[in-house]
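Got a structure for you, questions after.
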Amino acid sequence: MTLTVKEKKDVEIEISEAWCKGCVICVDYCPHDVLIMERGKAKVANLAACTACMLCELHCPDFAIVVRDKSKE
Amino acid sequence: MTLTVKEKKDVEIEISEAWCKGCVICVDYCPHDVLIMERGKAKVANLAACTACMLCELHCPDFAIVVRDKSKE
Amino acid sequence: MSFRYEVRLSGEGGQGLVLAGKILAEAAAIYDDLNATQSQSYGPEARGGASRSEVIISDEDIDYPKAVNIDLLLALTQESFNKYKDDMKPGGIIIVDDYAVRDVTENGYKVYKMPIIQLAREKVGRILVANIVALGIIAGISKIVSEEALKNAIEARVPKGTEELNLKAFQVGLEASRNLN
Amino acid sequence: MSFRYEVRLSGEGGQGLVLAGKILAEAAAIYDDLNATQSQSYGPEARGGASRSEVIISDEDIDYPKAVNIDLLLALTQESFNKYKDDMKPGGIIIVDDYAVRDVTENGYKVYKMPIIQLAREKVGRILVANIVALGIIAGISKIVSEEALKNAIEARVPKGTEELNLKAFQVGLEASRNLN
Amino acid sequence: MFNYDQYLRITKFPLIWCPGCGDGIVLKSLVRAIDKLGLEKDSVCMVSGIGCASRLTGYVDFNTLHTTHGRAMTFATGVKMAKPDLHVIVITGDGDATAIGGNHYIHAARRNIDLTVILFNNHIYGMTGGQVSPTTPKGMLASTAPYGSMDHTFNISGLAQAAGASFVARASVHNGVQLENYIAKAIQNKGFSLVEAMSPCPTAYGRRNRLGAGVDMIEDLKRDAVPYSKAKKMTPEELEGKVVTGIFINEEHPECRSEYQKIIDRFQKEK
Amino acid sequence: MFNYDQYLRITKFPLIWCPGCGDGIVLKSLVRAIDKLGLEKDSVCMVSGIGCASRLTGYVDFNTLHTTHGRAMTFATGVKMAKPDLHVIVITGDGDATAIGGNHYIHAARRNIDLTVILFNNHIYGMTGGQVSPTTPKGMLASTAPYGSMDHTFNISGLAQAAGASFVARASVHNGVQLENYIAKAIQNKGFSLVEAMSPCPTAYGRRNRLGAGVDMIEDLKRDAVPYSKAKKMTPEELEGKVVTGIFINEEHPECRSEYQKIIDRFQKEK
Amino acid sequence: MSEKSNGKARVITGNEACAEGALAAGMRFFAGYPITPSSEIAEVLSAKLPKYGGVFLQMEDELGSIGAIIGASLTGTKTMTATSGPGFSLMQENLGYAVMTEVPCVIVNVMRGGPSTGLPTLPSQGDVMQARWGTHGDHQIIALAPFSVRETFDLTVRAFNLAEKYRTPVILLMDEIIGHVNEKVYLPSEDEINVFDRIRPTGSLEEYLPYEHTKSRVPAMADFGSGYRYHVTGLAHDETGFPTNKASEINKLMDRLDQKISMNREDIIDFDEYMMEDAEIAILSYGSTARSSRHAVRLARENGINVGLMRLRTIWPFADEEIKKISEKVKLWIVVEMNRGQIAHEVEWAVAGKIPVFKVNRIDGDPINPLQILEKIKELANVQL
Amino acid sequence: MSEKSNGKARVITGNEACAEGALAAGMRFFAGYPITPSSEIAEVLSAKLPKYGGVFLQMEDELGSIGAIIGASLTGTKTMTATSGPGFSLMQENLGYAVMTEVPCVIVNVMRGGPSTGLPTLPSQGDVMQARWGTHGDHQIIALAPFSVRETFDLTVRAFNLAEKYRTPVILLMDEIIGHVNEKVYLPSEDEINVFDRIRPTGSLEEYLPYEHTKSRVPAMADFGSGYRYHVTGLAHDETGFPTNKASEINKLMDRLDQKISMNREDIIDFDEYMMEDAEIAILSYGSTARSSRHAVRLARENGINVGLMRLRTIWPFADEEIKKISEKVKLWIVVEMNRGQIAHEVEWAVAGKIPVFKVNRIDGDPINPLQILEKIKELANVQL
């Protein structure tokens, strides 16, 4: 149920399909159009653009999106 | 039960013994020492001094004192 | 055989009759080792109006704590006398303040008209202790509790600092009752 | 002999199944002059989660308004199908959305897998009217209420201004069911 | 002399209140205010809760309603909404209105419903024998505050204002005329109007705190009174222990029942 | 990433809240604030009433208490008075706290008891399907206000201040970080602390009033937010329709349980 | 459940029917606080009352709601509130006030699962005894329970009529099933409905005794503002309405309050008998469980079992004498209800050991299925008959 | 009523004894709102609790008072509130919450005349049925009624013990006479008193089931803050304490709540028999009217009538089986109470018609005089025996 998108970048975004309710809030908050909606769930469309600003994670009401900034770990 | 003190003056003070609870408020308010307490009830002692200022009547909590200013009637 | 002695103290709110009843009960129960109950009736407002305090003294368990067959009635006001004079036992004792209670229709009772409030004012100096003066009179007339017990109970129960005043009031009452004999 | 026909509409909150049930009941009761009841079950919160709406249609008084022996089950989601598929009458009709409900263990029922939501989206243009598309399919397959009655009921019940859209949805459903034959 | 009798149920007299209780002075001011405004007796409805102050309704010859503890405001709201022509006056105590009845108090104020509330503030639960009230000043004794009241006290008038009242005033029984004037103004205001009447309770509050008889407590109220105009220029320290009297707010804002009438007028034909 | 899981009962997920409901955002801020302060999980007690917001207590791994409608404040008061070491946090809605629970709300504030109240203000009764609330703005529709809400709305924060609260702040879910900061400050304050969290209810409020989805309502909150510092310089007309955010009060005054401790300390030997 | 009438057929819920019945009975003031599963009553009335010139008011809580309807009723208006268990608990103090002061009003409780917050969206009949005894002090109460949407309309009207006739609050005990079921009904037109209005005084103000010990035991009731100025208090009071502590006056009041209900029990008590003529087994039920029971009776009859149904429309005062009478004809009772047997206890009391009383209960939020009852019937038919 | 003990004799009221009993039982948190005739309990405790390191809190109302004591109890503290009829009505919602969430606490109701404001200073026993059924939803309750000052002390201690043992609110039903009568007592010393404390969990947090279906039906209860983090809700819940709508889980909870009382009825039910050995007439009474009854029994015995007294100390759960057993030995019952026969109704139910049940009642604020009872005894002795 968990879609993990990994790329060679330092950022990793995890979206739980089971918890995501498709409210579009994360998409709305993302300053870099990283996220899109697909069949009622959020999805990472352009991970490369992600700056790990965390706005999406901060405001997802359903704890469905997790952004890992590995450079900070 | 009603003590009516009539004098030739224009003022008449009526104190209901049944209703008076002896709280001394009228005596305290009277600027001219017209009233005194006697055996736990208010009593007119010096009607002549009364100026019909009405303070006693205004503040008797038990509706026990009535001041009639006949000059005004 | 066991005995049950019923006392009703009546007057108006603020005359300290609940306290007097409690002292009487404690005297009997704690110091004379009898049983005793005290109860009171409230007006609709628990303040003002006629007041009633009842003490039952017995050498047995007291089941019913209300007076139904009164041995001794004290009345400090006419209103309270009128309201609470029923339920007297034939031959019972009625003690009234002679000034406040003018109208006593006495048939079959021992009636004592005593200047209770006057004694408090004149001999003790404070009307407030009329209740304790009355206790002295009750003790003297009824002998239902011992003087000693009542003194102890008074000392234990009245506000600190007023013990002497109250004991004096008790003494005044006691003596007034002695003068009757 | 009298008949009792039980319909259960299931899906998730927001799919309009309560409204669909109400329309079905009104079609039967008001326009086809039968008796009908509609009732629903709520989750603990009356919002979200699996939703169930039941319609009983009969030519007699309906005492028990809950489905116990279901003639027709509609399921728009897998979750609701799993939760509400019990109590089917042997030989009863099961209509599911072919995309959302993948897992149907059919033994002894007439199962119709229909692209209900897809029809709503593609042929009517709004997913929201899938409930009415489903009504069209139900009408076509079960014939338990007349097309006329359902059309009247839809017109009377849907929000003003959406009548045409909904009637179209109904028609789409109806036709989809006709293509089955 | 003022002829109170026409407004009173004198067969119920004497009043049950204790000697020196200030509640009777408020009652007098209230009657004079009604007389001054020339209100018909039949047009006045007085609603009270439970408490010493709330017994007032038994003594006045209006449509009178002695309700349950804390709920007077809600009964009054029902009366007013159902029969807006009545002048609805709520009689309540500090405990009745702001302890158990606090919610209805702030909501009636919020709605700005046309009620006139006379709140008798004696800093104590009088009727039940002197328990601590939300208005008992810090440090004062009460039967359930044997070591002195501990909590912050409500500013009753301030609370009504914050909640939405359109008329708020405070006066004390030491000045019966002022009280009368404020009550009259409160009745005239179309909206939620509060008159906080400071009234001594010698029995349940004064005695335990050695404040003397009612007459002494009235003297204290006289001494401590500070007019609002003057108070505005004083520091909190200077105001310590003072009783600010005056009209704190007197504004017009939309009144609940009148607003509802607009809805009725709009839809009544539609039935 | 922030590791929420350690504070959550994830087996109870997904949350019951509707898609786009803002309550989850407040929950997140709350968890981060607690983490920031480094509170022990065992030392935290969360108490809620009834309503959508109040379902929060089921999802957090603390000592959690889901009480009756409107009474959370009183249960929390009991917890705090009996076990002052616990950090007691009240989770409540606008209806829960200021309609049915209004009295306990103002009294808890009056006592300045050390509770942290997170009040989810979504302008509506969400749980019961969209009835009008004391905070529904005038003119807005609700299932029991089909012709538009008629009454004056409570200024929830202002009311807490008037009643005696020592910390009062407002933030909205559009700014989760600010919310987190205010909550942390509120927990740190020893006294009654209110954080009014503005949260969208798309289902029961947004839909009926055609305000779009949750995401749209959050955009509106973003648009309408005015910092307190700026708002102080604005006229009431300019503030019309705005949501003032910021810390309105942050003062120290005597706290109920600590004051009581003084009494215990004074008398405990006396037994 | 769809008795024909002049009107046209509608499909509405019990909650809607309750609102309609109230309007038909002349209710013009509603105050309430939302709670599942009763909220729709308020919602319908918030839209409709202004059209009738009436007032809808959402109060801050249930304590306030019942306070407001009592106040409004005193002005001569017919008033109502609606709630469910938790709110009903909060109304108990003022419910007693309405009994004591004899203020007509109708309180609707759409029962859901309890105790406490319990099962907010699921049906129950768990508040039946609370309706009888929820407020402090000895008192009488009237409570009605409808079993269909149409009957909800009818009993709502009746609730107002009884409230007005006997100057007393009347409780309408619905349950979630009845409140939420959509059902076909023909609602009666205005002229098909009997509406009773409280008796108002006609004499002079001086003669008016608002709590007069009349022969009917129901004193005339004046509207506030109509010229009869009088006093209303929840304290024990005399015939003039003023507080008293006199035992004789108190007894007079208490007896009258009791008698106005107990003397008129035949008028108030209402029940329905279904297939009882030759019944050997009698089922007793009310509200939605009476539907399951009736269904079960039909099924049992098909199985050749002589079973009938006594369906209470009036829960309080209790139909004990009527039950006693039936007990002489039948062999046993089965009491069916969505609680642990609250009314069964009263049936046992009424029957006083003459014949056995069995129970079919359910308290888990699921409605009682007719088959559950049928099973019990069969079991008892085999063993007992 | 003054059973000797080590202590020294004191003359105190029932209200004072209640406060003393609570302290002796370990009560350390009291929240209340004043009301006649219970206020003295709060007054005594406001002075004494700080001396015990406990907390006294006057709340804004009764709704808040019961909320506070439930909250405080969850921290592991023994808690109490005291009120009278009107306040008891206001506590009903949260009383049900305490039942549902199984939070021990003691609620004292010093009964005064009702309904409504009624007779605030006069005695009554009118809230007996309310104690049983006042809150919404089906539930079990424990209620005790003392008949003397000393027994008030004892039953207050017992109320706490039962509350702790069965994780449930316990109601102490006093009446104004017991509350206000001053009586001689010897209070027991600490070591003469049995105090029971709730069972606390000992296992790991992970294993802890706060609503476990144990054999005893009473799950261990953890203190908030002690490391067992769990969830408490008034919604129907499973063994973990989280809300559920599953019928099987709900039934499990409801049955356990019922069984923990019903399975232990013998332990909870407590009554006293006085001169019952050879009694032909049995009086049943409780609280202060049991004093009048005992007095009457003595008088009747002096008249040669074989009468005895069954005096209930536990009102709920009801001693129906015990009554049934006694009914086999006596010829008739007389139930004496200051209401219209609330417990008499239950006696009639228990007796189920085997022998007649008569009543002596009073509802005018006057206590029942022993002579009133004696008269009834004599009348029945003549007619029936």
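Each chain carries a letter (A, B, C, D, E, F, G and H) given by its place in the written order, and its residues are counted from 1.
Following the convention adopted for this analysis, contacts are C-beta pairs under 8 Å (C-beta built on N, C-alpha and C of every residue); 3 or more make two chains touch, one makes a residue touch a chain.
What you are looking at is a predicted structure, and each value in this text was computed from that prediction instead of being measured.
Asker: Within the chain touch network, how many edges lie on the shortest path between subunit A and subunit E?
Answerer: 2
Asker: Please strip out subunit F, keep the others put, and tell me the connected groups that result.
Answerer: Take away subunit F: A | B, C, D, E, G, H.
Asker: Could you state the distance in Å from the CA-based centre of subunit C to that of subunit E?
Answerer: 41
Asker: Return the distance between the CA-based centres of subunit B and subunit E, expressed in whole Å.
Answerer: The separation of the two C-alpha centroids amounts to 28 Å.
Asker: Distance from the CA centroid of subunit C to that of subunit F, rounded to the nearest Å?
Answerer: Those two chain centres are 60 Å apart.
Asker: Just give me the whole-number Å value for how far the CA centre of subunit C lies from that of subunit H.
Answerer: 36
Asker: Residues of subunit D that touch two or more other chains: which are they?
Answerer: 43-46, in rising order.
Asker: Where in subunit F do residues touch two or more of the other chains?
Answerer: Those would be 17-18, 68, 99-100, 102-103, 107, 128-129, 134, 147, 260, 263, 266-267.
Asker: So which bits of subunit B are touching at least two other chains?
Answerer: Within subunit B, no residue touches at least two other chains.
Asker: Would you pull the subunit H residues touching subunit G in the complex into a rising list?
Answerer: Those residues of subunit H that touch subunit G are 63, 85-86, 88-90, 92-93, 96-97, 99-101, 111, 113-122, 124, 126-127, 129-130, 132-139, 233-236, 245, 247-248, 250-251, 254, 258, 339-340, 342, 345, 348-349, 352-354, 363-366.
Asker: Could you list, by residue number, the parts of subunit F that touch subunit H in their complex?
Answerer: Those in contact with subunit H are residues 9, 12, 41-43, 45, 47, 57-58, 61-68, 71, 73-79, 81-83, 85-86, 103-104, 107, 260, 263-264, 266-268, 270-271.
Asker: Over in the complex, which subunit C residues touch subunit H? Could you list them?
Answerer: Touch list, subunit C to subunit H: 21-22, 25-26, 29-30, 33, 35-46, 61-66, 68.
Asker: Subunit H touches which residues of subunit E in the complex?
Answerer: Touching subunit H: residues 50, 68-70, 99-100, 102, 125, 128-129, 131-132, 134, 143-147 of subunit E.
Asker: Please name which positions on subunit G make contact with subunit D in the complex.
Answerer: 1-2, 8-11, 36, 119-122, 177, 180-184, 291-292, 294-295, 298, 367, 369-371
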